[in-house]
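Think of it as A, B, C, D, E and F in the order they're written, each chain with its own count starting at 1.
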Amino acid sequence: MNILILIGIAMLAPVAGGLLTGIDRIISARLQGRQGPPLLQPFYDVLKLCQKESIEVNSMHRFFVYISLAFVVFTTVILLSGGDILLAIFALTLGSVFFVLGGYASNSPYNTIGSERELLQIMAYEPMVLLTCVGLYYAENSFFVKDIVAAQTPSIVYLPGVFVGLIFILTFKLRKSPFDLSMSHHGHQEIVKGITTEYSGKDLAVIEVTHWYEVIIALALVYVFFATAAPMSHVFAVIVCLLVYFLEIIIDNGAARVKWQQALKSAWIVTGIMGTVNLIILSFFK
Amino acid sequence: MSVVKKSPWILHYDGTSCNGCDIEVLACLTPLYDVERFGIINTGNPKHADILLITGSVNEQNIPVVKQLYEQMPDPKAVVAVGICATSGGIFAECYNVVGGVGKVIPVDVYVPGCAARPESIIDGVVKALDILEVKRKKR
Amino acid sequence: MGNRTIVPFGPQHPVLPEPIHLDLVLEDERVIEAIPRIGYIHRGLEKLVEKKDYQQYVYVAERICGICSFMHGMGYCMSIESIMEVEIPERAKFLRTIWAELSRLHSHLLWLGLLADAFGFESLFMQSWKLREQILDIFEETTGGRVIFSVCEVGGVKKDISSETLNKMKEVLTAMEKELKEAAAVFLNDSTVKLRTKGVGVLSREAAFELGAVGPMARASGIEMDIRSQGYAAYNQLDFKPITDQGGDCYARTKVRIGELFQSIDLIRQCIAIIPDGEVKRKVTGNPKGEHFTRLEQPRGEVLYYAKANGTKFLDRVRVRTPTFANVPALLETLKNCSLADVPILILTIDPCISCTER
Amino acid sequence: MSILRMSKTLLKNLLHGPYTVPYPVKRKETYERTRGKIEISIDDCIFCGMCERKCPTGAIQTDKSKALWSIERLQCIQCGYCSEVCPKKCLRMENQYTEPSYGNVRDEYVKCMNTQSPSES
Amino acid sequence: MAEQILKEISANDLLAETLKIKNDGYRLVAVTCTNKDGMELTYSFDKDHELLNLRILTDTETELPSISIIYPYSFLYENEIKELFGVKITGIMPDFNDSLYKIPVKTPFQMND
Amino acid sequence: MGAITGLILFPLAAALGILLVKNDEVRNMIVRVGAAGTAVLTLVVVGLYFKSGIALSFRLEKAIEAVMAIAETAIAVYVISIGIKYKKYVISVLSFVQAAAMLCFEFTVKHNIEVKHAMIFDKLTAIMVLVIGLVGSLICIYAVGYMKTYHIHHKEYKERKNFFFAVLFLFLSAMFGIVLSNDLTWMYFCWELTTLCSFLLIGYTRTKEARNNSFRALLINLGGGVAFAAGIIFIGIYYKTLELSVVTSMKPEAAMMIPVFFLSLAALTKSAQLPFSSWLLGAMVAPTPSSALLHSATMVKAGVYLIIRLAPLLGATPVGKTVTFVGGITFLACSLMAISQSDAKKILAYSTLANLGLIVICASIGTQESLWAAILLIIFHAVSKSLLFISVGSIEHQIGNRDVENMDVLLEISKKLALYMMIGIAGMFLAPFGMLISKWVAMKAFIDSNNVIIVIILAYGSAATLFYWTKWMGKLVSRANMNQQSESKFHLDEEIPITILAGMVVVSCFTFPLVSKYALIPYLTEVFGRTALIPIGTNDIKLMLCMLSMLILLPISFIPIYKNDKRRKVPVYMAGENTGDNETFYGAMNEKRKMELSNWYMEDYFGPKRLTLWSDVIAAAILVSGVIMMIGGMA
């Protein structure tokens, strides 16, 4: 029974993630005055990639994306089944690290530069992610998602600053402009397709699916800020998640891609101010 | 079910085009024509692309580049020559540095006429190329 | 030094609409050295003049570049007309001016879109190109082609524009001006955009002069240089003053070009207001003999046409010195010590037209 | 600081709905002057060869003996020069462009007694 | 339109004339080469929209000094002329050694067909 | 009891033997036997006394102390004389001051103090002994192979191998002494001995740089020694005891803070915390085995060991806070500066500093949880870091230098070495591996003890850590497309220790729950007098192990696919200018140009030039404010 739930989470998360990506693409298109692709377009893309030939530059670099996917799935399952949020984040980081290593493994110019940028992004957002976990622990005295969402008051009450900081760095995680340095969903970037340049066929499909999981993970982090023991709060949390997602789409479409210096600085400064101030205030009341 | 036809990703390369066809290819992406309706994405990366759009004819220096891009695309793939220069060399066919149509360098599947090719034409051409993709996929 | 990264940039590259190659030597992301290589679009069309007669060559000249196509045709025709000492009808001059300014509008909008794309602002790219489509509609309605017009000929223009169409054009432009202001505000005021353009690729007035920069590139560095002020075509009857800026960076170039967008709309309005009636072309007979240097202002800057004729229908030589050709040294200068992320912006900032440059 | 300056335009676009022409379903209107492809009223043609000589790309061939006028569609650059020089004004620029094709398209028109028949090879 | 000022000079005077023009505050607009009835090089300069042309009559045998020491950005023009026309211009900085365009035919504008 | 004495004396005997033997082969044999013997003795000692622990008192105490006093004087004379010889008078003065003070103290006050247990062997000692004995002996064996190649590569240095090995063993003996001693004067003696060993080994090559760096190390450590001496004298005079166990069981009252502060200062210098960290970076000129042994795995741990011992007196006290923040600033600054380094040993040095900082934080916070983390960090860090150091040493011999940028060829040269290197790096920061587990617990401990600032420092520092390790790893995997392989042999003496250490890194991750259950929990329970809990839930441990198995199983599961792989291999994307060999492209001048790919170093942001001064100033300011707070607390 338990196993079934876990498998269910692992299966349904990408479906939801894919649908969200489809919605994202439609809304983005509409914001630009275009009609946009069909809702199921992300699925078509992935299925098509599976039907394509997978060419590769060496036999090793594909291996990393599969590990990366495995850890991201692992993270999703931990998070959604109410597990330890800090452990989940570590697993997610591990996934990201493998993804980056995959980029290095190709030894191709734009992949490597993409990896470097991806690594920089991880460095930029990692402190805030950790502080989010810390904040949740401060607020609810547990790292376990199932305890956090069973609290009486939603965590957002204690952690407004952390929440704002999280929204800021989610832009990195969702690969949205202005922080889509390493690989962008938009066609024209100075580093071609960044870290995914050398992947094709099934390997690229895996990356796409990994991204769907990551979307779900990102929104799950938002979710835990709002969910409480009250059943209605969960509905509210879902609505907030969607709103946040919409906000991210607006930001994506309303900003130029910044350079790494600004990405790093802004992320660390926002983390420093929002996270730190919030946590320090919280620690006074503890 | 075959989804090859539902998400053709495009790689555009400018041979020796005068920019006329180039900007029309780009215009296909813009709100008025919006080829993303058909799932078309302009990837700019041969390893992700299904369809190679070439505008302009090919000159000496471009030959290895075009060949290499074609080589680096995963199967099934199709080549669409956009504009008269790409199909036959057009008004520049007699120039000393122009080899002629793209067909002289790599196998072309669809020819899109026009000088410059209209966005509608380009969309039609890509749609025609989809059938070819489908055939090639079955062959694999 | 030590930790250098050397990568090829182009010819095929998503941010490059046209093939050009750079060997980039980077340190982290800083560009230490950028060595260009061109020749991917070189066709040798100047030599085509030996195979096409001087009237056929108008069609070749138009296809030197698909963006400033009309200006190329017009410049070529003007130099032949000068050699043959043909005075074209007044109305034709005005029509040429209107089309030229429309071309500038479309070219600058296209450039703005590509610039937005280069710094990863996709919706702004879409917005600019959406606006540009309205200009293309005007083109199609008045000339029959969206990018290549085929309306210029030696002795005038082939097609007239009716007064209803001119009035409609005015309305379209007025409506567009409003939308343009909105988009311009984003280009000039949005902080993320400013982060990418302000202080990037600074070219001082002296450097711009020393490197022979032309067009908006020079004007953004404070050099007041615009061949339109010489009053070719109908410009001598229009109220015109070149737009300049002192910044010298990408932001200043954006600002100059946006200023020119509004200026172009204004110039077209002026034209429509005072356009005289009458013929649009003069019958040209005989073959040219002599030589002439003609200069005019393209969207990208000053262009020079040189034609030498020998009295037969085939010319001896046609030479086009395009603005991008003159701006390449300035580009190479700005590329030094920039960031990899700035490379596409800097390449775009000269509004390159490689196809013009290499011909 | 002014971030998200674009959002006003974005939301306007969102509310306005797509500007896209649903192309295969509905075509954008063409204009009277739109240059698509060259058509010939073969009956009026006198096979003078003017179009053939003036064509910048050599797309047009005429054969007076066979009463044949043909055009290589993949070489035509739609400049309209042929229709301008045609003494009989039998060449005309159509609004509709040539369809993309899988191979070379050569349209041949033979002047018969009563009928014209375009055939493709 | 401005008058066409054309001043014919000898190859030996090129650098001196160019330097004078540069000191007068002119900018180089273009270097044009024509190959009919002998090589004909035209250097066009501009000051306040005034076009000044220097013309040199030469052939492919004579060596011609590069003006890239005076106008550094003349290197593109000179490389092009060297490659397409085969005019021997010496001391271009940087010299692409006839591979600016990488064309299959040698000096296409010099062939007499 | 005999075994413990043996543990100290056996390496000493080996050192003497090595010093006297001139024949290379015989000496190497002695080294191997000595190392193996030390390892066996270590296991024996731990096996004998682990369960119940033991406290020793020596009958011949006076005699031992007399020997020590003589040795101490001899050392002082030596140091003073070289100080004078090389015109480093400060060193002479420091040495003189501390020797004089200690001798005075020993002949006057100390007679009245009775030391009950000169040595105590408890669970913490057991862990330290294990780390020193096992890692130390492996490094000694490694050194045999390393030094052989070292002198082939570096003909310019005079060969003094017997001296080198002798000092290594002397050091092991001293190190055992430090962790076993309960008598502070004994500990002080061993402490000074390690300083001397470090000085001698850094100066091994006798180049100008080496000499300068060795003197810097000596200077800073002597300063620490003075502080140590001051602490001892203070304790001896005011509290009439010299036993560490007695001191730590006292109340953390205001007056107590003074000696604790001095001892902490000594510990901070030995652990190279920030204002005092320059010596460790300079120590990287020494041959790699000594860097591995002294400057990462063991000697620098002496400092944090002392702080762990003092933990009950630190905690929320002013000194505790001061030490915590010094550790914090060290952790952050060194993690950031490591980003800008490309010399492998420099990266390792900065990372060592950062991790020592982290251990210092954990130890000085002094809660059960944080000490748990601190001790585990010591274990994991020692194992992983020594693996990394000796791997780098071997790599240096294989590829000729130790620039990380050049390590991309490692996959071609030796897949094995690359794999071990990766295990070592993974051990330093990746999720299911040791360092991260400890970091996790540390974080929890910081939150529970309400140290928000430290939590934030940890968050930023870990992000930086992730950056520099991953890019290094990236370099290691980047040449995967090269098929040619030139298997160059590396010495068996090098390979065996590396393999064992790599195995230890992995095994230690699987077995940390056992270590926790049988060593840490009992130790912490004893120290704090209340039952300690394992800070990580069993569920999480299971998940962690699950992740670890995923990591290990995944590569294996891929092997069959590789075999019948029919995928088309194409050249990498080079914008259409590939020449076909994945290495070059057609450059601007139409020639084949080599593509080069390097990592980012962001010198302008994270370079030591930019950060060192500031972080030193901040750390010094923290120390000064600590002093002020302490005085304020007394008043």
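To be clear about the criterion, a contact is a pair of C-beta atoms (placed from the backbone, for glycine too) under 8 Å apart; a residue touches a chain by one contact, two chains touch by 3 or more.
Remember, predicted model here, so these are calculated numbers, not experimental data.
Within the contact network of the assembly, the step distance from chain D to chain E comes to 2. Chains that touch both chain E and chain F: B, C. Least step count on the touch graph, chain A to chain D: 1. With chains reduced to the mean position of their C-alpha atoms, the one farthest from chain A is E.
With every chain reduced to the mean of its CA atoms, the largest distance from chain B is reached by F.
Computed from the mean C-alpha positions, the centre of chain B lies at a distance of 39 Å from the centre of chain E.
Our note on geometry: chain C versus chain E, Cα centroid distance of 24 Å, whole angstroms.
Separating the centre of chain B from that of chain F, both taken as means of CA atoms, is a distance of 60 Å.
Shared interface positions of chain F, defined as residues touching 2 or more other chains, are 568, 570-571, 573-577, 586, 589-590, 595, 597, 599-600. For chain D, the set of residues touching two or more other chains reads 3-6, 10, 13, 18-20, 22, 56, 77-79. For chain B, residues touching at least two other chains, in rising order: 13, 29-32, 34, 37, 42-47, 59, 61, 65, 69, 72, 74, 91, 96-97, 115, 118.
Looking at which chains touch one another, you get A-B, A-C, A-D, A-F, B-C, B-D, B-E, B-F, C-D, C-E, C-F, E-F.
Partner chain D is touched in their complex by these residues of chain C: 52, 56, 59-60, 63, 121, 123-124, 127, 130, 140-145, 148, 150, 158-159, 182-183, 185-186, 189-192.
Residues 27, 29-36, 250-251, 253-255 of chain A are the ones that touch chain D when the two sit in their complex.
Chain F contributes residues 408, 430-432, 436, 440, 443-444, 447, 450, 452-453, 455-456, 458-460, 462-464, 466-467, 470-471, 473-475, 477-481, 537, 539-540, 543-544, 547, 550-551, 554-555, 558, 562, 565, 567-575, 582, 595, 597, 599-600, 605 to its touches with chain A in the complex.
Of all residues in chain A, those touching chain C in their complex are 28, 31-34, 109-110, 112-113, 177-178, 180-181, 184, 186-193, 253-262. Of all residues in chain B, only 1-4, 6-7, 29-31, 34, 36-39, 41-45, 47-48, 50, 72, 74-76, 137, 140 touch chain A in the complex they form.
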